[in-house]
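Each of the next two complexes has subunit A plus one more chain, namely subunit B in the first and subunit C in the second.
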Partner chain A sequence: MMFDAFIEGLLHVLSWPAFGFLLLGALVGFVVGILPGLGGLATLALMLPFAYKIQEPISAFAFLLGMHAITGTTGDITSILFGIPGEGTAAATIMDGYPMTKNGEAGRAMGAALMSSLVAGLEGAVILALAIPIMRPLVLFFGSPELFMLAILGITFIASLSGSSLTKGLLCGGIGLMLASIGVDPQTGTLRYTMGTLYLWDGLSLGPVVVGLFAIPEIIDLSVRGTSIAETKVEKITGVMEGVKDTFRHFGLTMRCGFIGAFIGALPGLGGGVSQWLAYGHAVQSSKDQSSFGKGDVRGVLGPGAANNSREGGNLIPTVAFGIPGSSAMAILLGAFLIVGLNPGPEMLTKHLDVTFAMVWILVVANIITAGACFLFLNQLVKLTFVRGHLLIPFLLMFVFLGAFAAHNNFSDIIVTVIFGLVGYVMVLFQWPRPPFVLGLVLGTIVENYLWISSSAYGAGWLVHPTVVCIALLIAGTLIYSAIQARRGRSLEEDLEKRIGVEGTRQ
Partner chain B sequence: MTKRAMGRTILGLLLAGFLFMSLAGQAAAKDFYEGKTIRIIVCCSPGGFYDRWARLFARYMGKYIPGKPEIIVQNMPGAGGLIATNYVYKVAKQDGTAIVSPLGGQYLDQVSGRKEVLFDFGKFQWLGTQEISHSVLFCRKDSKFQSVDDLVKIKDNPAKLGNTGTSGSSYFIGKVLEKAAGANFNFVMGYPGGSEIDLAVERGEVACRGMTIPPHFGREPYLTWHKTNFITQLVQTGSERDSRMKDVPTLTEVMDKYKTSDDVRAIAKVIFASGDFGRPLGVGPGVPADRVKMLRTAYLKALADPELMAEAEKGRMTPVIPSSGEKVQELAKFVSNQPKEVVDGVRGILGR
Partner chain C sequence: MRLTARTGFSILVLVFFCYLVWEAQEWRLQARLFPWAIGIPMILLAILNIVQEVRGPKEEAGTSQDRPTDFQFTQPLDMSVAVRRTVTILSWIVGFLAGIWLVGFSITVACMTFGFLKIQSKEGWAMSLILTASAWLVYYVVFERTLLLPFPDGKVFLWLGLD
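Right after this comes the complex of A and B.
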């Protein structure tokens, strides 16, 4: 019965008119994803009324879900080419993607991002399919104490994201955590560090901070250098195919990061910003040689690229199983469920199982379509990075500020972008690592809230929940492992220094 | 011409002039909206009920306004709706091209004396509200808390009540019940949103939650919960029992039973007036009266549009119990002019 529904779902998606709607959704998603200023979320809300007209559930989902799946992938493109994240949640690809572009490897980076997105998108869909029978217990298993511990696990990644100096990394992470406390405190309603502005009531919003932190320094740098984005003029654009091959060279990593994305996506309450950074952290941490990260290591593109897409499959798990949306986009999709006359919830696992599988297939097919479309004119896009920087800068600035403004229609977002742009520039100048800062900012609120919730709901008892203990052991293991690795790495370096007399590794 | 006749002529001329002027005025208002764009400024992010209602009106209201203006939705989330509400009151042009969709309980910020509030809720010119959304408190059926009496009696290990922060319906019901009946709660604070509280109820992390009634009967997980008898409703805040919860007492009945003092009742009345506001739409205080009238008429006509109703019903945005602009206006004046004791009481409950 389950297998029948699985095949039936695929046939639904490939039949007319559903497939036509999928193509249409893909087109809209593609345009919106590349252009700044119109977020994926707002577009989804804007397109929701079409569900009234389409009516047939699978066609409606093909249109909406297909569109949504694609905005995530295309966001990576601007991150890689220009160092400007399409959305706050899609920023980790910048870390190594943009340096690769500077090295003239934009094609390879994009190939890697797209292929890992495709592979992980498929993985997310498979995970969703496999999870269908065990969805409910799976989601219920992770209570607030478990979420708290997962966030702590995320914080330990700060160590591996610190780059050359652990002290600087920890300090940046700490500052990030501190800034996360800005806003209305949920316990008592006290206003913390809002400095008399309404804007800060909701805390610093991730999008403008990340855009400022990463995009502005690069734009300044570009104008100072006076060259094109790609510093090295290569004869032939390193093939997109090279990146595709990279995905399979590091297949294990891609799959693991895909799993991280799907897993985090399945847990409502951790938020969209977390999964990509955790995947990046994992990519760095699990690599033997970490020195090339941040300078254009393809593994740093594969990890976040993968997590970004498998998340969608994960997000669908609580949406389908409980009717509880796994993300804000899913909340809008819930509206679509109702409009086409479906009841998200247990029914989706029994009576409408074919629709649920059709959704899995929509994710798969949409990913294949985007990857295909991107590959067709990637080489044209890559040429942009060889255009003289001075010609690009006005457009890039417009991209940056439109993107920052559009999220809340609030001018303060632009001020935040500028401030963190300056902060980012100074950080780059003095070699303070930015990822730990973002990780601190993303995880700070989560850690604080779930610690409170755990203690008030369970007293001290939550400390001995079996899962909590397991994650604690995992954390201890990671810390010890990276300490040993760091020591080994250092002694290797010293060895090298002694032998050839160079002054350490390049910064 | 006799004096009398002259008087008549003058009067006639004056009348004609007046008629002309007023017609011209109307023509001006009509002309005014022609080719204009009206923005509905929404307090909240895309996708929620506030946003979806605004988008529904954006598609249906324009054709009922003389001049058929374009209507678009602009989300301006932040600071619990204060940013959008302040914006329409203070910053937007007072020419009737900016409509605000604030939170139903937005006035509480004003009543509790938040200094960031730049508006007087009673001075907004309200177009009406399309939804009355009172609240309900429910607990898991397998918990010890099956009535308000249980909440009062059980002092050790009191009911765990899930909350996002100090400005949600869950928190309001809990705090008012504490004051009005001596109920005991363990307020578990800090869930990112209502969905996360629902999951916490599902896994037994908290036993109870308070929420507004329309979604409680409009979507999952509640529909399944009703079907599987997973939860018990303890109290509802409307003045009359909801037709779908005939055996659940209202807050007033609970207060009668527990002989709640008049001061506390007055406080409760102000706090739960938010349910009567529902999801109101309004324009700024300086908008000319003729345009307000036009918008009010268009608003009611749009709500009577069978196509809009059909869409609302499909999106489970029902029941639609519209309340006219005049009624909302009256309520807004009432809540913004409260004696000091009540204001202090409200503040005490909101913890501000």
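Right after this comes the complex of A and C.
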């Protein structure tokens, strides 16, 4: 019965008009993913009413899910080429993707991002197919205390990668968490840090902050350099295939990061941004030589690229199986379930199993279509990075401001973008890492909710839950390991300097 | 003891956390639990960071070579040129923002793109005009006509009663 439904799902997706809607959704997702600031979430919300018109469940999901699955992949394109995240969740790809572009390796970075996205997207779909029957106990095992600790572990993990200053990394995570508490407190209605402005009642929105924090410092750098984005001139744009090969050279890393994406995606509340940063963290931590990260290491592109796509499969697991949305986007998709007359939950695993498997196939087909389309246009896109910076800057600025505005159609978002652009500039100047900051901001609201639920349900007792203690030990281990690594790095440097000094004296 | 701009920024971070924790003291427990649970340990960390900065080895801004997980600014050949260019681009960014506020997106996109290309990049008339037209068309077709974003009119039009 399972196999029949599996094949039936594929046939449904490839039949007309479902396939036509999938192509239409792919086109919309492609454009939305590339435009900075216009998130897949907002587009999903805008396109949801079309589900009323479509009505037929598989066609509706082909349009909505196909569109959403693609925004992550195409969001990586602007992150790599211009240092401007096309999606809030695509910011981690900037860390090594943009430096690769500056080194003249945009083709390789894009090839790696697209192929890892494709491989991990398929992995996520397979995980979704396999996990549906066995996921229930695992998801229910993680209560609020465990999810709170998991979020803190994520921030610690990223902070521990902040070069020699672990303290700064942790502080940046703390700044992000504190800024996330701006706005009306959902529990008491207290206005927190709103400075008397109505705009801050809803809190700081992620899009304008991320666009400002990452794009403006890069634009300033581009202007100061006075060159093209790619500093290295090349006669012919190559390297796309090299990036594809990189995916298979580091296949284990791609698959592991894909798994991280799917796993984090399956945990309700922890979104794509979190999985991308954790995957990036894993890529750095699992490498013997970490010195090239942040300067253009392809592994720093493969990790986030993979996690960004596999999370969709993971997100769908709790959404389909229990009606618990794995992310904000899935909460909107849940609306589509109801619009087309389906009830998420056990029915989706019995009566409508073919629809569930059709979703798996939609993810597979959408990922293949995107990768194919991106590879077709890749060379044209990469050529843009060799255009003189001064010609690109006005376009980049336009997209930064339009992207900031498009998030909520609010002028104040543009001011926030500029303010955080300046903050980002100062942070880069004084080497305060931005990734923990963004992760703190992404996780802040969720962390606060989990902290409050844990405290009100268990008092201080949740601190001694066995799983909580295990995660706390893992956090302590991460901190101690990072401190030892940093100390070892410093003593090696001092040793090297001494040796160089001795050699110099001999000569 | 050495006080640098870097240390100044660290002190600013400490002040930031102290303010947020102090501000929360009047709130009900539910509202202040999170800001205090995060903010108080962060104050201690910020103090530790300042101590590390003041007592640690001297390190110029943007020179760290250890494993960075963030991008670093390109090391300029001439610092005075870098400072001048930074101030210039920041002025353009603020100018863009002011333009949007005063005259709206439509006029600002055209004027700032043309202004930047002609004045800052010293491009020829033809190149400046073609690129300005392209930028404006992208703005108009994609954002205004297709996505129907409700761009606000500039304040100037409001003041003149032309909105």
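Quick note on the criterion: the second predicted complex is superposed on the first by the 424 of 507 C-alpha atoms of A that agree within 3 Å, B and C clash if a C-alpha of one lies under 4 Å from a C-alpha of the other, contacts with A are read in each partner's own complex, and residues count from 1 in each chain.
The working rule: contacts are C-beta pairs under 8 Å (C-beta built on N, C-alpha and C of every residue); 3 or more make two chains touch, one makes a residue touch a chain.
All values derive from a computational prediction rather than experimental measurement.
Look at A:N409: by the touch rule set out above, it reaches both subunit B and subunit C. Judged by the touch definition given at the top, the superposed model places A:L334 against subunit B, while subunit C stays out of reach.
Legend: residue contacts after superposition of the two complexes on their common chain; A:P394 is shown touching subunit C, with no touch to subunit B.
Shared-chain residue A:T188: touches subunit B and subunit C both.
Looking at the shared chain after the overlay, A:G252 reaches neither subunit B nor subunit C. Once the two structures are overlaid, the count of subunit A residues touched is higher for C than for its counterpart among subunit B and subunit C.
In the superposed model, A:P466 makes contact with neither subunit B nor subunit C.
Legend: residue contacts after superposition of the two complexes on their common chain; A:S144 is shown touching subunit B, with no touch to subunit C.
Within the superposed three-chain model, A:L44 lies in touch with subunit B and out of touch with subunit C [touch as defined at top].
In the superposition on chain A, contact of A:Q431 is made with subunit C only, not with subunit B. Subunit A uses residues 187-188, 409, 448, 452 to touch subunit B in one structure and subunit C in the other. Subunit C makes touch with subunit A in their complex at residues 5-6, 9, 13, 16-17, 20, 23-24, 27-28, 30-31, 33-35, 37-39, 41-42, 45-46, 48-49, 52, 61-62, 64-74, 76, 82, 85-86, 88-90, 92-94, 96-97, 100-101, 105, 109, 112-113, 116-117, 120-121, 123, 127, 131, 135, 138-139, 142-143, 147, 149-152. Per the touch definition, subunit A reaches subunit B in the complex via residues 41-42, 44-46, 48-49, 52, 139-140, 143-144, 184, 186-189, 196, 198-199, 201-202, 268-269, 271, 318, 322-325, 328-329, 331-332, 334-335, 338-339, 341, 343-346, 408-410, 448-450, 452-453, 456-458.
Listed in rising order, the residues of subunit B touching subunit A in the complex are 45-48, 51-52, 55, 59, 74-80, 82-83, 86, 116, 160, 163-167, 186-192, 195-196, 198-200, 202-203, 205-206, 219-221, 223-224, 311, 314-316, 350-352. Residues 31, 35, 38, 83, 94-95, 98-99, 158, 161-165, 167-168, 170-171, 174-175, 177-178, 181, 185, 187-188, 190, 192-193, 216-221, 223-226, 231, 280, 284, 290-291, 293-295, 388, 390-391, 393-395, 397-398, 401-402, 405-406, 409, 411, 414-415, 418, 421-422, 426-435, 447-448, 451-452, 455, 486, 489, 493 of subunit A are the ones touching subunit C in the complex.
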